[in-house]
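Same chain, two partners: subunit A is paired with subunit B first, then with subunit C.
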Partner chain A sequence: MDTLAASLLDGLLIGLLYGVAAMGLTLIFGVMDVINLAHGAIMALGMFGVYLLFSEMGMNPYVALIAVLILGLLFGVIMYFVAVDRVIDESPLASLLSTFSVNMIIIGIGTAIWTTSTYNVEYSLGTVETGPFTVTGARLMAAFLAVVITALLYLFLNKTRPGKYIRAVSDNRGAADLMGIPSHRILALAFGIGTAIAAVAGGMIATIFPITILGGSTYELKSFVIVVLGGLGNPLGALIGGLILGAIEGIVPVFMKTTWVPVIEFGLFVGILLFRPTGLMGTKK
Partner chain B sequence: MRMRSVALAAALLMIMSVLAGCSSDDSGSSETTAAPTETTAASGGETKTITVGFTTSQTGKYNESSTRQVDGFTLWMDQVNAAGGIKLDDGTTYMIESKTYDDESSSDRVQELYTDLATKDNADFLISPYSSGLTAAAAVVSEQYGKVMITTGAASDATYQQGFTKVYQIYTPASRYLTSSIDLLASLDANAKKLAFVYENSKFSTGVVEAAKTYAEENGYDIVMFEGYDPETTDFNPFINKIEAASPDAVLGGGHFQDGSTLAKQLYEKNVPVKFISLLVAPPEPAFAELGDAAMEVAGPSQWEPLVQYTEDAANALGMDWFGTTGDEFTTTYTEAFGDAPSYHSAGGYAAGLVLQHAIESAQSIDPDAVATALDATNVVTFFGPLKFDTTAESHGLQVGHDMVVIQWQPGSDEPLAKQIVWPEAGQTAAPMYPRG
Partner chain C sequence: MMDFLKRTVGLWIPLLVVAGIAAYPLITGSDSNREAMFSILLAIALASSLNILLGYTGYVSFGHIVFFGIGGYAGLYVMTVLGWNIWFAVLLGATVAGLIAYLLGSAILRLRGGYFALATIGVNEAMRALTGNIDALGGPIGMDVNFSLYKPFGGPGGMLQFVFWSVVALTVLVIIISFVVKKSKFGLGLQAIREDEDAAEDMGVVAPRAKTWAYVLSAIIPGALGVLFFFKNGHIEPGEAFRLALSIEMIVWVMLGGIGTVLGPVVGAGLYQETRKLLLTNAYLKNIQLAVAGALLLAIVLFVPAGIVGWLRSRNARLRKVLE
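For the complex of A and B:
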């Protein structure tokens, strides 16, 4: 029983991180119907951002996350105008190919610079022990930051003017244009925020696990499962989807070989697509 | 429609991630280190060039160990060339040239590149890539083209049980990797009978733990956990929670450098109360010390250590031939050349060159069949230890002369951590620290 509790807690903590990783993907899709296939590569850039700021400039990795957030936002806005804006009204395949090209460019340049070798952010926040639970400070901090990021995104989308613009453009771009909302700039902002969240999620992963330039792909795949679980375009759903995935990763290994985890995760993915295509939390119409 | 797009994108991603591991892109860098190539009449004989081909994992998860292996080989090659090459009795001198490509730690790349080495580059001899998985792929190609391949960094027994006739292993085979750790544990604590095996799902690690499990069961041990993990695993917490639930006395396993280091780190972070940890490949690497406290008291089997001294006198006392440099000379020259102390992977790379040189000198020829015959007859002691190959049809080329040691990271006098040899007892540089913590 202790093992189940400890394993479930580990799973839920990491699930919150998965949720943030998926949040950027679902936000971009919800607002502009673009599936960003550079999502994993952007997470990898976030990982290396934190790694470089920490190891080359001696910056605290959690302070580095703020720098990564800002750089991620800038990168996202630029990427939007370069690769997404001109294909946004074309068929979904055009934006899939366009963002996939960005993915290949990032992975190619990243491999040339850092190779595909593993790097570690050697920074410890110690370990917390209570009863059957032994959790590293880094995991607790990542889970806490995941909740903070979700709350901030929720407040931004619902309480600020740019956030309301994003929702308006998301609901009906044509009507938003007629109301004088500069929809292309708002789309760029939304894409930038989605990218920034992905980069920060990558940065948080770097504080816990070893990283490689290809490391984002694992989390990108998980993000797709989460996005489908939580409902497309629903940031809060992403967090809940992340928690469900984390719970599966916590519970399954207690009862069977850990190698079954991805089988169950992707089985769930296919099951949701077949039987509840709007996701557990519903989706934007 | 939207869901269909997501499903399409996810399927595309999965296909890409599979393809990423088997990219057929041919842009991998290749390097040729040229020996003096002019054919000249010198001291009555010709000077010719031998091309030795191999791949290096310049990228990917085997990068750390592979780089060291190739550094070791390069040191041997540079020393041979600096000394005027390999000289035969008929006056012919052979200078060594190497040809290498980046295999990206991928077995698909290895098959393609070893075919290139054997055909386009006309390599006279081949050295294996690093790791059992990649070597298994390379050995098929090597055998197909009738090349002699010296394998190093490749311990899996299975490769040598396929009926190959010109593949020769430098390392002690995988089946004997962890048995010495079990012997060590038995000598330390007769009551420590519960073992947990957590290992990488790879050819090498699976071979090691299956042999170790059989050995442990024969010796009365209780295997409370036996589970493999995916080679790309970075989160070991699900395994560690299960280890804690099984409450073993010792954890054995691991796989290669990256996963083994991460496993050791996370075992430490989770304060897992086991008395003894012995992991494959990672602990003997000097870079393992970068884990700091997480490396302390972690043990692991090693093919060779600078502190292990095989000498010419000892070889002669056993009635065996001695060949090549001494351990101290190797350690000094390697450290001068690469700025870092050698690991057993470095020593394996050097020893591969040394064995090839010994065989060419014994055969007085570079003909593959003659060299293979000389390798079959090899029974020699080097700085790396005794080397002798199985010549039976069942496991031709398997290493039968070499033995391993067990190292453990302990508090050092000058540095926070020092690597000590704790097994076999006769070769101990320090008493084992037991139990952990």
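For the complex of A and C:
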């Protein structure tokens, strides 16, 4: 029982992190119907951003996350205007491919610089122990930050003017244009925010796990599952989807071999796409 | 006779290209050329298969490599465990891939746009994880081809010859299928679905059935190719059989050459493979070949979305008559 509880707790904490990893993907999809296939590569950039700022410049990794956030936002806005803006009104294939080519460029350059070897951010927040539970400080911190980021995004989308513009453009771009909202600039902002969150999620992963330049792809696949669980285009749903995924990863290994986890995850993923394409919560855009 | 040639000229051009690729190692008599041409032909056949669904019907199958892997696993299982010969194994690989496409298609082809693309990724990943857990298929280690299976061909050398010519035959077959489908009423229905599925249904196209058959058609040749490829490879494992990166490359081949054309996948796959080889052997570009390929792809998607053949067709009315 104790093993199960400890394993579940571990899973839920990581699940919150998964949720943030998926949040950028779902935000971008919700606003502009683009599945960003550079999502994993951007997460990898975030991982290496934190690694470099910490190891080369001695910056505290949690301060480095703020730098990664800003750089991620910039990168996203530039990426939007270079690779996405031209194909935004074309078939889904065009944006899938244009974002995938950005993925290739990032991975290509990243591999040339860092090869595919493993790096570690050697920074510890110690461990916390209560009863049967032993949790590293880094995991608690990541889970806490995940909740903070979700809350900030929620406030931004609902309480600020640019946030409301984003929701307006997401609901009906034509009408938003007519109301005088500069829709392409708002799309760029939304893309930038989605990218920034992905980069920060990557940075948070770097504080817990070893990283490689290809490391983002695992989380990208998990993000697809989460995004579908929580409802495509629903950033809050992503956090819940992440928790579900984390719970599965916590519970399943207690009863079966770990290798069954992805079978269950992707089986669930396809099943939900087929029977509840709006996600478990069933919110309709 | 002239009339027939004129009507089918769009078929003869890609077939001539394939014949040229197949003859090249014969003429040069070089084994390394044969292996280079093998990878190009494999790419052409995979791209042309995908094009039936992606190009004609407009459904973006991101995990299409799943059928290659399924075929490979089915074929190697019956050969190594049950002792079937390669001919039946190839037939079985194609049949199993087609059957699974039929069952799967009836379900996931209801999804449109990005949802369908995501579902195909999910199916591929689920299959990869699942095969890694099935002990009869060797679990995560996979299965090996016993060298004694190469004996009927007079050893590995003869086997390589056999696999090469089988892939040539399958490439020819898939190009003929592509052409016939494109010119048929069935193909017209698919293209109507691509342009506007709801309107197509109003005009009497039974979309669910047509889409499912397009999916099946695009799955059987990859299934057969999977058997041949992994038989030649001597080994199959989940990560190699269901490699998502290869799946995405298939889309790149189709896009580069010209989506929805018969010649396009041939040109795109051939050009991409050759360019990559060039990049890989260049001292300066070797390390960033992936980035260069990505930049090329981005340029094509942004500026020449119709691909090479599509661009040529749009530039010149005479070319439009001969290039399909």
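The criterion applied here is as follows: the second predicted complex is superposed on the first by the 282 of 285 C-alpha atoms of A that agree within 3 Å, B and C clash if a C-alpha of one lies under 4 Å from a C-alpha of the other, contacts with A are read in each partner's own complex, and residues count from 1 in each chain.
In this section, a residue touches a chain if its C-beta (ideal position, glycine included) is under 8 Å from a C-beta of that chain, and two chains touch if they have at least 3 such contacts.
As the structure is a prediction and not an experimental result, all values here were calculated from the model.
Of the two partner chains placed by the overlay, only subunit B lies in contact with A:T134; subunit C stays clear of it. Contacts of A:A67 after superposition on the shared chain: neither subunit B nor subunit C is touched. By the touch criterion defined above, A:G267 reaches subunit C but does not reach subunit B.
Within the superposed three-chain model, A:I78 lies out of touch with both subunit B and subunit C [touch as defined at top]. Legend: residue contacts after superposition of the two complexes on their common chain; A:L125 is shown touching neither subunit B nor subunit C.
Using the contact criterion defined above for the overlaid structures, shared-chain residue A:L52 touches neither subunit B nor subunit C, since it reaches no partner.
Of the two partner chains placed by superposition, only subunit C is touched by A:A94; subunit B is not.
Of the two partner chains, subunit B and subunit C are each touched by A:L221. Of the two partner chains placed by the overlay, subunit B and subunit C both lie in contact with A:T259.
Common to the subunit B-facing and subunit C-facing surfaces of subunit A are residues 29, 33, 35, 37, 92, 96, 100, 111, 221, 224-225, 228, 232, 257, 259, 261, 269, 273, 277. Per the touch definition, subunit B reaches subunit A in the complex via residues 2-3, 5-10, 12-14, 16-17, 20, 58-61, 63-64, 104-105, 201, 227-230, 232, 234-235, 237-239, 241-242, 244-245, 258, 261-262, 269-271, 290, 292. Subunit C makes touch with subunit A in their complex at residues 54, 58, 60, 62, 107-108, 110-111, 113-115, 117-119, 121-123, 125-126, 128-130, 132-133, 140, 248, 251-252, 255, 259, 287-295, 297-298, 301-302, 305. Subunit A contributes residues 29, 33, 35, 37, 83, 86-87, 90-94, 96-98, 100-109, 111-112, 221, 224-225, 228, 232, 257, 259-263, 265-267, 269-270, 273-274, 277 to its touches with subunit C in the complex. Looking at the complex, you find that subunit A touches subunit B at residues 2-3, 6-7, 10-11, 14, 29, 33, 35, 37, 40, 92, 96, 100, 111, 115-118, 122, 124, 127, 129, 134, 136, 208-210, 214-215, 217-218, 220-221, 224-225, 227-228, 232, 249-250, 253-254, 257-259, 261, 269, 273, 277, 283.
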